[in-house]
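One chain, subunit A, appears in both complexes that follow, with subunit B as partner in the first and subunit C in the second.
Up next is the complex of A and B:
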């Protein structure tokens, strides 16, 4: 089965390119024929000359980033983007969600749908779509939301997993909180699940785990790509009967997004370290999983500086519903993906503890386990956890609070009204996100 | 890739414009070693094959034939434009881009705006359309004019409203040169206030530049370069204040000042011309920096203003550059943004600077900068990988800050002083179509603007609680 990726805007096109790069280098080892061929079939198609072309559609409203990504892909020598798989215009969306969603998206709908249709026709079996975008800018967020809506219309029964990059708390785009609120509120109705990476968290990984001094967007994007590939590369799942799963998106969605009110997924990986240090490190499954479990319940995205004091509240004590309940992060559902040596001996009992889950779902259903004996991306053993938990509650609440404060002064609203998004549209989006916040806050009850 | 058109009006506008073209050519020559007409060049220049009968444009990717500036030059006297046509830049303009008259506007806004504005309306629109037709995706008009003189303020602002009528979807960014208090034009307060109303109503963004600030900066630099300590020798090839290495062989008196403004334009357009890891498109400027439609005055500051010969102290130098951008000495109007209120701020960085450098400096500087309660994180950033010639990096900060208020209030005071005595009023009222109501309306437009800034300033001292959130039925 194959996945069609739709890369949208500057961020989506940069992260997408890094993702395909990680996947293609991870899959090229000749020793693991089945793994490689499943991975390639999932993300690439082979041309008659034997070259690998990404199953991707590149969309941006300006040409610079797409050209750059296509050149970098071609230079890798391992894979490339198909010549006619991209759509770009000359002038960007100007950080305006309304411009992307109301004007540019509809204007270029036919062209983009045609590219997607051609890519879908190349798939023997379509597993679903991964639209990749940021929520802050105008093209990724606005056009991206519109394109997701089109995918929903045209392929109503396919899985759609959006990969979203959340902006730094400060400093990228001033209207980012407006754009984020509008994007998230709309995607919540359209997408099966939203897998989120926060730039702030990824930046900390780069500086503290990877010890990078000067951090570029390329560094951030490589960390994101590594984690994403850790999720999306082939693995043996409970449903796949000893073979690599043929339905990665479907199984991911059914493992994690069991309730329409809860669609926000976050990912973390262990180990993550500077590649020079890997050779000098040994890993054991018990240690990796112990750390990963604490990262989950203490809600940190990296090993460095985990708060070991955080414990799940005892079942007897009445749990409090609030944003500040002792730093404990309650989960609705988790997907644990283990890759590498001795993977079948790994003991995952710590993730079956009922205390880390909400009370209304039996832990047996809340945890899913995928395994693959093939070492992933240079690491002899590695684990990736995708979690539907309160991890994103605080950043989401911050985002809505900031946007709402700005909205109370009606600042910048005229820029959106100009492109047909009214104050009522804003209010609708705020309302539906407040609902999401309230639902996640109640997970601990 | 998008294109922009520069419209330079009046003596000051044309002088600044020419410094811009000179420096832009030099910057591209420095980057573009192969002599090919690339996308970066196409944003502000056409490549014309003069052998073709229609003088048609050549495509991007071919060899450079003849570069023509995407510009329209307008002046109501001939001196400056003729000077340009006899100077080293004559090749980049052709006669179809020029519009001149012989008699000037007599430092009278009404003559420029109404008399010439009506007489040349058709001709101006035709030249603008012609320039627009040469672009395949026109993104922005850069209008440059002074506020004090007659042609710049009067006809310049008339051109602005023509642009709005003819090209409503194309962004209009005005670089407006404000006169010093000791301006030799007696009517400059009238001209400035009359022009301000037009700028407030019709521009997307205005970059105010005060003459006095430029004088101060130039003086400071000449002190630096003469009384320099050993080891802090100024580099000769820095573009910011020196014209050396450019096409003009000799420095004219205002060149150093005009160079600073030209550099402002060079930096603001850099992200549209060159690649970077965080693009900042021109249409993102207004989107991020203008929370309310009338409050679109963005105070520019440029760093570094000069380059020291020694370039081996990287991090400290880089952090100093960020600090300088917020100091009083580097603002292009006389104002202290740190003591006023920021509504929003953009940092446009050029050169080898990473996102982590940006973040570190924003975190470092944030505590000392007051931002309006609902925009505590009001930062917009752009990273362009090509630095200006002679520098390793540079920074342009654009601040939407209430510190413009004193400048506007001072202008209003000078206006009122003249207006109370009805001094020189008859010169204006003699002009066909000019009425006294235009004076009073312009004055109240300025007062309203000052008042809007004032109300925002008043929120500064108060602790503003978060707005009560929407409540959800559980």
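Up next is the complex of A and C:
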């Protein structure tokens, strides 16, 4: 089964290109025939000349980033984007969500749908879509939300997993919180699950874990791509009966996001280190999983600086409000993906503890395990955890609060009204996100 | 007259045939032949009657009697049927074991009529269709059982929503898997088109044959039901005549009992006859006024109260005249007899004669009335009667 990636806006196009790069280099090794062929079938199609073309549609309102990504892909020599699989315009959407969602999206709907349709026709079997975009920008968020809506309409039975890049809390764009509120509120209705990477957390990984000095978006994107590929590369799942999973998106969504009020997923992986030091490190499953578990319950996205004091509250004691600082991070559901040597002997009991889950979903249903004996991306052993937990509660709450403060003084609202997004639309979005926040806050009760 | 009667007989036989076909299609076995229905109308020994078996299987299949009851009462068909009919709300003397003397297969036929009128056919049809049509999802869930300790709180609700979502995702995954399989199958078939794999694959599939067979059965069943629905009216008219015949028999029996009891006292017998006369007399009256036809359908007890004295008086006068005519010849034997009295055997004979004559007349009247009524009903088909 194949997955069609839709890269939207600057961020989506950059992260997408990095993702295909990681996947193609990981699948290259001739030793692991089945793994490679499943991976290639999933993300690439082979042309008559034997080249691999990504199953991707590139959409942006400016040609610059798309051209750059296509050139980088072609330069890699392992894969490339198909010639006619991109759509771009001369003028951007000016960081205005309303412009993207109400004007540019509908205007170019037919062209984008045609590109997607052609890509889908190339798949033997379509598992679903991964629209990749930033949550705050103009084209990515506005047009991306619109395109997601079109995908939902045209392919109602396919899975749609949105990958979202969350902006820095300090802000790149003044209206980023407005854009984020509108994007998230709309996608919550449209998508099956939202996998979120926070720029802040990824930035910390780059600086502290990878010891990078001048951190560029390219560095951030590589970390994101590494984690995403760790999730999406072939693995043996409980449903796949000893073969590599046929429908990765379907199984991911079934494992993590069955409840309509809980769709926010976050990912973290271990180990992550500068490639120079990998050769000098040894890993053991118990240590990796112990660290990963503590990263989960303390809500830290990296090994460095884990707070070991955080413990799941005893079952008898009343749980405190989740918004208290340094609190314990309660999970609704977790998906643990292990890759590498001796993967079948890894002991995952720590993740089956009922104390780390909400009271209404037993651990047997809340925890899913995927395994693959093939080492991933140079690491002899590696583990990736996708979690539907309170991890994003605090950033979401901050973002909604900031947006609300701006909205209370009606700042910049006219720019949205101009393109057909009314104050009522804003209020609807605020309401639905408040509901999401309240649902996640109640996980600990 | 004779020809139309014969035609009506053929028509009734055809209608009963339709009912038999429907019952057989519903999976009931054995179903009596239409001829058995006709014989049952005129009574017959109920032992070994095919209606016992039919009634018990209807009661069983429609769930009126549970399988436990039927296993308890195995071999006692009569008790089983009686219990089932009683549960369905049917009451008759023979069910309680009383009135065994007059019990005949007509009673069983009437009980069958009761069950049909209760809509048991539709129940059986629904069950059978569900059984035959595998594409139908069962409309009624199998007794949803909630465990007693289920708490309907927010947590259970959330868990339920989660499970629902899980199910929905699984459904979509399954759909795409089926899509993949279909695509693969299509490729295999289109690449091996030359050897025409499709028909042989169809023939070899046992499941497909089975499906086909049950679909055929389903069609037959629905067909039988439709044709039954079209002619149902005729059946109910006929069933009416069965009920009439039973009432009639009952009255016959009570009257004959009355005669045997009062052979000694002719005066008494005559009075009884007078009472009997009032029913037909009423019908005689009706003959004159078409507008009053509806009175004929009144129960006999009520119509006797409404009887017109004139005809009654007339009949009485004629009887007495006959009595007077005969008196001189009987003089030497019955000289001691008081005036207005007849010797017992003669009186009995006379009364019986009069009775048969009157009964025949009444039956003819009744038939004529029924036809009139049907004609009127046919012409009023478009109208709706609203009881006030």
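Operating definition for what follows: the second predicted complex is superposed on the first by the 440 of 445 C-alpha atoms of A that agree within 3 Å, B and C clash if a C-alpha of one lies under 4 Å from a C-alpha of the other, contacts with A are read in each partner's own complex, and residues count from 1 in each chain.
Note that in this section contacts are C-beta pairs under 8 Å (C-beta built on N, C-alpha and C of every residue); 3 or more make two chains touch, one makes a residue touch a chain.
Every value quoted in this text rests on a predicted model; they were computed, and no experiment measured them.
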**Message:** Please determine, from the superposition on subunit A, whether subunit B and subunit C clash or fit.
**Reply:** fit
**Prompt:** Should A:402 be classified as contacting the first partner (subunit B), the second (subunit C), both, or neither?
**Reply:** first
**Asked** For A:412, is the partner it touches subunit B (first), subunit C (second), both, or none of the two (neither)?
**Response** first
**Request:** Go through the superposed model and pick first if A:168 touches only subunit B, second if only subunit C, both, or neither.
**Result:** first
**Request:** State whether A:253 touches subunit B only (first), subunit C only (second), both chains, or neither.
**Result:** second
**Asked** Once the shared chain is lined up, is A:290 touching subunit B (first), subunit C (second), both, or neither of them?
**Response** neither
**Request:** Please name the chain, subunit B or subunit C, that touches the greater number of residues in subunit A.
**Result:** B
**Asked** What is the contact status of A:204 with respect to subunit B (first) and subunit C (second): first, second, both, or neither?
**Response** neither
**Request:** Look across subunit B and subunit C in the superposition and give the shortest C-alpha distance you find, in Å.
**Result:** 10
**Item:** On subunit A, the residue positions that both subunit B and subunit C contact, one per complex
**Value:** none
**Footprint of subunit B on subunit A - complex, ascending** = 10, 62-65, 68, 90-92, 94-96, 138, 168-175, 203, 207, 212-218, 220, 400-402, 404-409, 411-412, 414-415, 427, 430-431, 434-435, 438, 442
**Contact footprint of subunit C on subunit A as seen in their complex** = 1, 124-127, 157-159, 192, 246-247, 250-251, 253-254, 257-261, 359-361, 365
**Item:** Complex interface listing, subunit B residues touching subunit A
**Value:** 1-2, 136-137, 139, 275, 277-279, 281, 283-284, 286-293, 344, 354-359, 362, 366, 373-381, 466-467, 469-472, 474
**Request:** Would you mind writing out the residues of subunit C in touch with subunit A in their complex?
**Result:** 155-156, 158-159, 161-166, 168-170, 172-173, 175-177, 179-180, 183
